[in-house]
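Heads up, the next two complexes both have subunit A, just with different partners, subunit B and then subunit C.
And then the complex of A and B:
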């Protein structure tokens, strides 16, 4: 059993870059990925901004290293690209050297494919090679595609707890390492944009018609995004002698048990998740240097999360920002994507700006960081992810002490 | 990592609630799509709430309520469920309305209920349970991952009683869609004849089953869950056997110590080889049991198998309807479940008498 869980690899693809280097470049240039929907034909194209990955499926397949002409769901392609980058960055060449697993997360899995083919599936008069995508509807399908492309066989699972999904996959992987069930795990999540989610969030009237403004008093809702974020976590034994990004010191999961979709006004579930993460890490709120907030830009989330943060930090909230105005809300992938941001904040001693903030929320004691900050000493980062169904999760990443 | 099964609630295509009967009166279906026998939901839910809820959500809430009562644990320390398809009926409803109305005039109810974590979220909401809450959605590993999490939670000391469940529903449309990739038999097969079938395809099933895992030993418990292993795309039959041997050896057991083995035989000649080879080889001296003729093939059918094996151990009985060949045991002390969904995502549970 390993008492520590180390991060040894990171991989990411989102609207602000197809890999870690491009992502950092976008942060440095303060380039948001939110723009016009291009790859899906939808009634909402003109009036609903989204943060889309700037590549077609055919281009993504090449980036993922598949043979020419390979077709798959956008979810499987995005996931494979980010997971491969993470494994490469961890310097893993032999999957059999240690017991290796993958725990992915997604909210709608292969829905982007299903919604285009559903009527054809139902019409037995029509037939074609597209029938092979029927099974890609299941959330586990993209995980198996990633696992097979990486040669991971020892354990596979997929988690779906709405927008907290990939924070939970990171937590579950860490627990498996601590229990001695695996030596290293590729953890994170992926979601691709779909008409299903665009219309779903639209019916809930929480999609902003302009660029989202997390934690702004006049916020109008969220922008949906897509992408994947994976990290490689390893036991002390497996990580020995390797370059280590940081340590995953804390994780907590709770349920708000307030409403099927809305967060409680006091953020009771969010508070509990953070409290559990602090208990596991042994850290105090004052030890946190930066918070990567869930900060979706909806009226309810930002108030609920902000209220819970004010209570948790006794109104002495450290540097905080939501990066959703860069990447959009990537649903099941956001915990993985924001874990990569948290890890990079420690590695590069930087803090990302909370874009589009004009008027801070009067209900809260804190004002998010609005400029890119460098040369900070970032030792401990808290990353929050909350979702429908009351699911709340918090992760803490910490610099490894010399 | 071990835990006791303290209570169970299950809604299935068989008479598995509100009856002391243990599969002596089997429901035979003249169709290749088995559907659950549903309870009267007014016993479990406020009728206004029930009217808006999808079928699988209601079945799951009923099954979990039965489990709370059966276990005498009103508030679990954690909730984890497994579902491959989530709330399929609501997903289809929302998808169809997007297509049919060209993305206009949509209402949020079916979208909200379509998310895979609706069931675990609703159980938490009904109980006002703010504890740990997880939903696993990995095909044939969905339920098994939830059980693994339950075992880990108990091993970590983070819970004394944890609720784990598996739930999946079938719809007419999804049955037709999966039929196009060869999931189901083209000829109608009667329940007790499924095992003799020599064709490809299985029969569709569904169910909602919940278990209270506990760290507390008691003569009242159903069984002790001693081990759970995941076998993803095994390389060969030898690979399967090696991994089962390893699993048994970790507990100081040998194949001949298994009094009975529950197989995921689904009547599909493409996939039953792995089970038949175990049955006629490694476990030739163990009583052989099967179950998918009673609940159908579905991704979380492992939950039906766990209900069956737990009751076999508690009641010391193997119902005739699930027996393959002769009984080979005198008493039931150790039972192994070997199951998979359509040949993929195979898993093994090891259970012992309390």
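And then the complex of A and C:
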């Protein structure tokens, strides 16, 4: 059993960089990753900006270290790249040294492969090498590919709870460490862009035709993104003597009980998730130095989340930003990607800007940070992730006291 | 020493019969089509919740069963909504509505998918409907099993209540597929606020039968 859960490694790939160093460079240059879709043929290509990882599948396979000719889903490739970076940054070389697991989150799984091949799958007259990809459709396939490439054998699970998936995988991993079931876990998630999500979100009429503007009074919806974010969390025993990024001190997940898809306007579920995270961490809202908001840029999310934050922080909301205008909304991966941002905020004492904000929302008491801020004292960061159906989650990362 | 926990009320809808705490209530011919029977039960008990008509058959069945269970034992009046869990399982997941949705997208020349149908193509939406109706915000999970599994349900719910994850649980089995339906929902509490049946695998087996 371990009463503490330490973060010892981080890995990331998104539209703003293929690793941690490139990501920080993009933040320093205020470079958004939102642009034109290149790697999928779509009727929405011209009018709907997305935040795509700037590499083809063949290029990603090289980055993932797969042998020449290896084919896999974009989801498995992105996940492997970020998870490998996280494991490397944690200095793990021997998977047998401790009981090690992986809990990966995804919402689309292998959909990107299926939508290219399904007509061939249905043609029973034909047989061929494409049939091996049928199994890659399900969400667990990418987790297995990542686990295989890392040599993780002790525990594997996949979580799919829409946009709170990754936050829930981090929470699940932390609970397994606290229960003494594992010593260290690679947690986070991955999603790749697909016609399914681009067309689906377009039908829901929540995709912005311009760069998204989270927490702006005139926000027009979200930009979809893709990528992966993984962190390595370890028990006190496993982390002993290692370089520690920070501690995961709090986590909470709640149910909004409002609507099958939409969040409640008063953010009841968001409030409950944050309250649970504070209860576990023993921290008070006043202890939080920075909030990495879910902030998708949709009408409903930003109002619901902002209202819950005003209530939770009694209208004294600390520095806050949504990084979705950099990375797009990466759906099942966003909690992992934003966990990495939260950890880097503590490590580098920095706060990221909420890009594209012009007019703050009149309904809210706070105005997000619009410039990159350095030399801040960032000890505790709250990271929110809210999913369809009112599945709301909150994580708190804290600097380890010297 | 684990706390004992009690089954405090139960409701069953099966074979043209509604059964509440062991007493048969509304009934019809066992061969009445499932959808008609569930709607007739909804009307008979004057449940009066217009969203019922938007729901798919699985959710309608779960809704009627949960309403009657909560009439017999109004746990929402006795517990904070964050302390009530909902744990339900079934066999057919949401196949009934999945098939209906598939029929609207199978033919490119006759393509008419509806978001109102699509939203029901996950079985845990039935938990959502019960939660939305009663503002229940506690722990919830939906399982898919071959048949009602009293051993698993018993141990899962014991563990949840005994570790403080919830103070009360609405649990059971709600299955609807190809005109076959079977609903069995019950409340489990740490104190005896009703029937006082010990929450054990054997008792769950007896009550479900």
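Note that in this section the second predicted complex is superposed on the first by the 402 of 402 C-alpha atoms of A that agree within 3 Å, B and C clash if a C-alpha of one lies under 4 Å from a C-alpha of the other, contacts with A are read in each partner's own complex, and residues count from 1 in each chain.
In this text, a contact is a pair of C-beta atoms (placed from the backbone, for glycine too) under 8 Å apart; a residue touches a chain by one contact, two chains touch by 3 or more.
Just so we're clear, the structure is a prediction, and the values are computed from it rather than from any experiment.
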Combined model on subunit A: subunit C and subunit B, fit or clash: clash
Which of subunit B and subunit C A:257 touches, first, second, both or neither: both
Partner chain in contact with A:217 - subunit B first, subunit C second, else both or neither: neither
First (subunit B), second (subunit C), both or neither touched by A:300: neither
Which superposed partner A:135 touches (first subunit B, second subunit C, both, neither): first
When both partners are placed on the shared chain, which of subunit B and subunit C touches more of subunit A: B
Partner chain(s) touched by A:159 [first = subunit B, second = subunit C, both, neither]: first
First (subunit B), second (subunit C), both or neither touched by A:202: first
Which of subunit B and subunit C A:118 touches, first, second, both or neither: first
Set intersection of subunit A contacts, subunit C complex versus subunit B complex: 203-204, 254-261, 268-269, 272, 389-390
For the subunit C and subunit A complex, residues of the former touching the latter: 81-82, 115, 119, 125, 128-129, 131-132, 134-138, 140
Complex interface listing, subunit A residues touching subunit C: 203-204, 254-261, 268-269, 272, 389-390
Subunit A to subunit B touching residues, read off their complex: 42-44, 106-107, 109, 111, 114-115, 118-119, 121-122, 124, 131-132, 134-135, 138-141, 143-144, 147, 153-162, 168, 172, 175-176, 178-179, 181, 195-196, 199-200, 202-204, 253-261, 268-269, 272, 387-391
Of subunit B, residues touching subunit A in the complex: 1, 79, 84-86, 94-96, 98-99, 102-104, 106-108, 111-118, 120-122, 124-125, 127-139, 141-142, 145, 149, 152, 155-156, 173, 176-178, 180-181, 230, 232-233, 299, 345
